[in-house]
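Take a look at the structures below.
Note that chain A is present in both complexes that follow, paired respectively with chain B and with chain C.
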Partner chain A sequence: MDPVNQIRLRQRRQYTRRFLRNLAVLLSLLAGLWQRVGAADEQSLEYQVKAAFLLNFAKFTEWPSSAFRSADAPLSICILGDDPFDGVLDQMIRGEAINGRKLAVLQIKRQPRPQTCQVLFMGKTQKDIRRTLADLGSGVLTVGEEESFLREGGMITFVIENRRTRFDVNPAAADSAGLKLSSKLLSVARTVKK
Partner chain B sequence: MVNRRRSSLWSFRDLPIARKLLITLLATLTAALVLSGAGILIADSLLFRGYLQNDFDTLAQIVADNTTAPLAFNDPRAAAETLAALKARTHLVIACIYRVNGTLFATYRRPDALYGCPSSAAQPPTERAGGDQTISRPILLTGRRIGTLVLRYDLAQIAERRALYGAMVLGMLLASSIIAVLLSSRLRAIIAMPIAQLVNATRAVADTADYGIRVQKLSEDELGSLVDRFNEMLSVIQSRDDHLTTALRDLETALSEAEKARKRFHFMAESMPQKIFTAEPSGNIDYFNQQWTEFTGLSFEQIQNWGWTQFIHPDDLEENIRLWQQSIATGEPFHLQHRFRRADGVYRWHLSRAHAMRDAQGKISMWIGSNTEIHEQKEKEEELRRANDDLQQFAYSASHDLQEPIRNVAVYSEVVARRYSKVLDAEGQKFLGFLTEGGRRLATLVDDLLAYTRAGAVEGLPGTVNAGSVLQQTLATLGEAIRENHAIVTADPLPEVHIGEAHLQQVFQNLIGNALKYRNEDSPRIHISATNQGAAWRFAVEDNGIGIDPQYKEKIFGVFKRLHREQKYGGTGIGLAICQRVVERYGGRIWVDSAPGKGAIFYFTLPHLAPQARSTATDSSAG
Partner chain C sequence: MSTLECVCSGIPVTIGQIHKEQRTRAPKGTSCCLVPVRLLLFVVLPLMLCAAQEQDAAVRNPADLKNLTLEELSQIEVTTPSKAPARAFQTAAAISVITGEDIKRSGATSIPEALRLAPGVEVARIDGNKWSIGIRGFGSRLSRSVLVLIDGRTVYTPLFSGTYWEVQDTLMDDIDRIEVIRGPGGTIWGPNAVNGVINVITKDAHDTQGMLASVGGGNEEQGFANFRYGGGTEDFAYRVYGKAFTRGPESHTDGRNFDDWRAAQTGMRLDWAGRHQDKFTLQGDLYDEEAGESVQATSYTPPFSWIANDNALLSGGNVMARWARPLAEGNDLQVQAYYDRTNRHEPNFGETRNTFDVDFLQRLRLPARQQVSWGLGMRFSPVHDIEVVSGLTFRPNDRTDYLLTGFLQDDIGLVDHRLTLTLGTKVLRTNFADLSLEPSVRLLWTPTGRDTVWAAFTHGVRTPSDAEENFNLSGFLGSASDGTPSFARFNANNAFAPEQLNGYELGYRRLLGRSVYLDIAGFYNHYHDLFDEEIAGSTFLETSPAPAHFLLPAQFRNGLRGATEGGEIAPEWRPTSFWRLRGSYSYLHMNLGKSPGSGDIGTAPIIEGSSPGHQVLVQSAIDIKKTFQFDLTYRYTSALPGQNVPSYSTGDARFSWRRSHVEVSLVGRNLLQPSHFEYGGEPGPMVAIKRSVYAKIAWTQ
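Presenting the complex of A and B:
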């Protein structure tokens, strides 16, 4: 065996040893992470997904220009009542734009005025949804979290199926509010209300 | 390599035309089809590769567009369903959708695919199927990348198309080959057949030399005109052949005629007593008859061409050669008297003549000559001349010697008549008168005789004299007789002539004297004139006298010939004889044209020829 190969062999052994040591460190770190995640609120993961979906709903929806106050007005996602997203949504919309409009997240306590909100999220804690929806007027995409949300006149509602976040759609409601939902959106919905 | 190609080319060159046509057709077709097939194939491969790429780009765009929602809403099943629809595209091998973080989201795999999607978008596409093409596209939602689509497709379509095109080209090649074979048999009838006919006709003409053969014309194209030209050529050759045959026959006939003529001529020449020769236009003598070889004792070979000069007398040779060359140069007849040496060494006189024979164009074709032996004639002439000379000498000396005693007779008879007339009686005086008269006449007669003999002698070399001035002198001499007779003498302008002045004066004096003498009751009218006859001047002396009976026309020029009694017309009767002698001495002639009572015209000619040359010829004939 020539000296060059001897050196190579020795180097390779050194690399292997170093790799194993690093792997051990990584595994211990991952184990720690897993514990922390498990310990963390499972709800926060769910709302991270819902925040992403909420943003994506806006991306698959077309508003009439009358839904905005002005041509350069931002597209506002309003959260009625309690905010379950814990600031995740604000992080997500940073740097995003839809059809040339900037995005904004608004926390509102009561019924929004016309042309203020283009997306309105009503969480589980929200009461008297039917009335709120009935008084809302056109140009607002309504998103809820309850199975009953669509029956009460909502357009999209999140559902959890096999621990996966999905959604149902009521295109008729969106249609009557002057909104156009992309067929692509409908194609990935769990159910589409007829 | 080069040799083989040349040999294959040569063998192609030697093939029959029909085979050449077939091969050419097939080669052209194959080349055209293969080249166009290959061109189409290459172009199509390039174009189709681009087309495929475009096609799959479009497909990728559609798929990416259709998978935005599944990606956005984290629905791999929906994405997989979308991808599953791609199975209609049989050349798509795999389709992979990756999330924005690179993890695999959804896949499609053709059942027979040899590989699947890499588990990470960062992983390079597998290299196992080298011909497969990869398209990678970002999946965008509102300008933001939410994932990546990777498509891989194979290029089996290109191979399929290649196979299809190849099969088409092969099929067309096969079909066109069949057409080419069919066409070539047709072409054979159209092109090769007429050529074969021409070849056969050429061979037949060459074998049989029958120029009546004609080739049938099958078309109006170049081959047709070739056949026409060939037929024209044959007819030209045919007519030439006919002409040639005729000309050959004519030539043979002419040659045999010429041969016959030559034989006839030679036979004639051999049978003649004279010596005969022929010469080429250049003067080379190419024939002597037998009389020659017998006479000279030399063979033909010895005397042909210029060999004859050896038997010519040395004194004659120079002139002989000069005259012969002059004749050859000018074509004038050759004429000479000269001496040939006989076999026994004796020279004999011959008269040689040669004339040029000319062809239709006037060109000299040969000389024909004859040589007549004139030796004895020549000797006789010589004797005669000597006798004549003697006679003349005698006549001259006789008349000269007679002058003195006759003058004495005349003088003394006059003396007696003057001094002794008283002594003599009447009868004595009468006899004395007869004596005186006789003496006077005798003196005149002797004078005339002397003049006559002198007229034959040449007085040196005569130059030219003006006949007009000679006539004037003559008229002056005759002046008294002219006045007594009241004669009128007129003359035209007269030329210069070659003659001794005294001789011409003798002629004029005798002729004009006769005209004055033989007059009738009318006063004499005499006219002298001269006309140019080309070779000589002809003089005429015309009068209105008593004329001459035609029966005496010749007689009057004899010596002492008189037609009248002396009592009526005086004279010795020698004048015209003197005229004739003078004129003939200079090569001329004298004659008379007359009738009784109608006057007379005496003519005499004097040649233009210089007496010098004539005298030379005369000398040689005399010598």
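Presenting the complex of A and C:
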């Protein structure tokens, strides 16, 4: 067997193991959930998953220190305009820290001032994305959820594919804003814009 | 045509993108794909509810989500297929999507019955195995002005212009969705999409992994069995299926009970992802049916005229291959080819048809926010007609029908993706018609992410068919005192012109909060050169075909014109997470009349009187825990004076119970009365559609 196949096989075993572990968790949840009434609200599930992704994006991005106001300033995830997350994001960052920085969630109505936001999320209802992005200084990881977002100069955009949440990345845009996206992030992306 | 074209165009862009996105594979080397396949194959499917429960887990516990890896997050299903309307949201056409889940919960066992769920579509069951279907008017047995596609394969036949609904079938569980576009769609979808397009799209083989088996029966659906098995890997997936059913006759006052129906069908689909994100699909079906019918038969020899109650023997099959390659963002190309064979042996005529079709499509993104699509297609369809009675003949008996098409469309983003102008045209030529154009102009305005306003002007063409140009249909009028029989005959008219439409449409959609979705569309359609029946001369003594008889010559001509207007309102509301309500009200007013010089003998009032002016549908779907589902549907259809059908209200109900691999459901259809009329259209007393009940048990692994 050639080495590539061996690696793949090993990976598969690993996944199977991880899988069985997840399965055990699921089964235990299942027992409890059986009693509950009603199906999941899909809309909010989509945004719960997106919130978890946002947190992960922050983990897999390196900011220059100039992106922060001070050494102990928190890493702020800003939501521009309408907030589709319904408080989930706040719940999720509770007790989390990235590279020793606390996390904060800010809702903002207009263009953020420099060093306020390290992650900027612009939802579907956002207008004038192109202009907002153009006027944004460096050091801000921009995340959108429209396919056109990368074309307009954004860095990461969510795509719903096959009923699952995926994301596309434009590393060049991140580069020019002084951000370094980890290879891990790029490898999970659906497509990486060249 | 079709899904192919669907990838490109104004209407279809959104739809096409869904289709495309659904299977774009993650880049090679991305390990996350290993997970879902394992997940799908060995863990989740067997457990049936796992995926759903996992979602539940997430909902109750957002905190758990943050501990998942990026790969794991990528694998959580965040929307169900019923989210499809949100995709159709930004489309400059009156589109509605019936999802697989909608179909399941309506209890429909056939594609025509499922179409009752779409606004603006009129579905009337003629008997056990025949329907009259129309969109925004012009309902008829073969739905002459509606183009029907299954996975991009045109099932509209040029024989009698339309779709033989009784042979359009697949495993209902394998239908991903049915997209119904009301209004002319010829620019993108092809000729004959004058009043609408019905696009049946089956699931990708990756989404039908594992085993499914179901059996059931009842008073009308006397017995049915379905089986499917799907397997494969992350790149390559397949499924095979088989189904069979036997169905009893509807209610007959004269006890003829001719419309029993038996059918068996099998098929397969392969989907695989090649290098460069290429996608290949290979699929095919085979079917064999006996569909009882009652037809008027006429011959120039005694007994001259009789009603034949017998089985139509219907069989056929198709195979299709499709290759799609995404080149870059917004750029892709696609080629598809199919072969389709149909055999019909009815009590009064027969036909064997082979259809070969190839379509090419390319999408290009150009500067200045332009997206250009263009395509070419050709179809050849050699046909052999079998004469059974001398009163129904095709001349010549052996022909080749063909269709050549090309189209070009440009979507132009005018204002920051908020305003889009779509210009396009189709050029087509068939053996029945010279070069025709089907141009359209569409404007889409999305002032916010929650509102869409659109307007369209379209020119549509219904191309002539064998039924007008090569077809001779006789009717027995009586015998003279000396015993010489007298007939009237519609003679072939090879000067029949395409029917023409200029359609004007306006639409508005809105999302209200997170739980209400509203879709409103209005239209004004102006038609000319519409089909009519005319007397073509005075009675004379004809000696051939022998014996000698009196003949009154008649012809199908283009003697009608007129307009239709109307609209549809289709709200959808989710009052709670486990209750979904959707409904629609459709209004239609038809006003047809003779063109100057027309000798129409009364076609106009029959066409006008064969489509309902008002239709109402309300569907409620309730989930009780994950175990029970309770669904109710109410339907109202106003009278059809052209068919002597009074207005009716009826309802359907479904209750299902599911545990692990097994789901048991009980379905009642047309429950509000023992039987009711929906359509005339056949010789003899009208057939009434019965109340029906069936039970079904399904096993999934």
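For this structure, a couple of remarks:
One rule holds for everything that comes next: the second predicted complex is superposed on the first by the 153 of 194 C-alpha atoms of A that agree within 3 Å, B and C clash if a C-alpha of one lies under 4 Å from a C-alpha of the other, contacts with A are read in each partner's own complex, and residues count from 1 in each chain.
The working rule: a contact is a pair of C-beta atoms (placed from the backbone, for glycine too) under 8 Å apart; a residue touches a chain by one contact, two chains touch by 3 or more.
Source: prediction; values computed, not measured.
Considering which of chain B and chain C touches more of chain A, the answer is C. After overlaying the two complexes on the shared chain, residue contacts for A:Asn56 are found with chain B and with chain C alike.
In the superposed model, A:Leu185 makes contact with both chain B and chain C.
By the touch criterion defined above, A:Ala97 lies against chain B but remains apart from chain C after alignment on the C-alpha atoms of chain A.
Touch criterion met: A:Arg130 reaches chain C, while chain B stays clear of it.
Applying the stated contact rule after C-alpha superposition, one finds that A:Arg151 touches chain C and leaves chain B untouched.
Applying the stated touch rule to the two superposed structures, the overlap between the chain B and chain C interfaces on chain A comprises residues 49, 53, 56, 60, 96, 164-166, 184-185, 187-188. Contact residues of chain A toward chain B in the complex are 49, 53, 56, 59-60, 96-99, 164-167, 182, 184-185, 187-188.
Against chain A, in their complex, chain C makes its touches with residues 21-24, 26-27, 29-32, 34-35, 38-39, 43, 49-50, 52-60, 62-63, 65-66, 68, 70-81, 83, 207, 329, 416-418, 448-450, 514, 576-578, 623-626. The part of chain A that touches chain C in the complex is made up of residues 11-12, 15-16, 19, 22-23, 26, 29-30, 33-46, 48-49, 51-53, 55-56, 60, 88, 91-92, 94, 96, 123-128, 130, 146, 148, 150-151, 159-166, 184-185, 187-188, 190-193. Residues 66, 68-70, 72-75, 78, 141-144 of chain B touch chain A in their complex.
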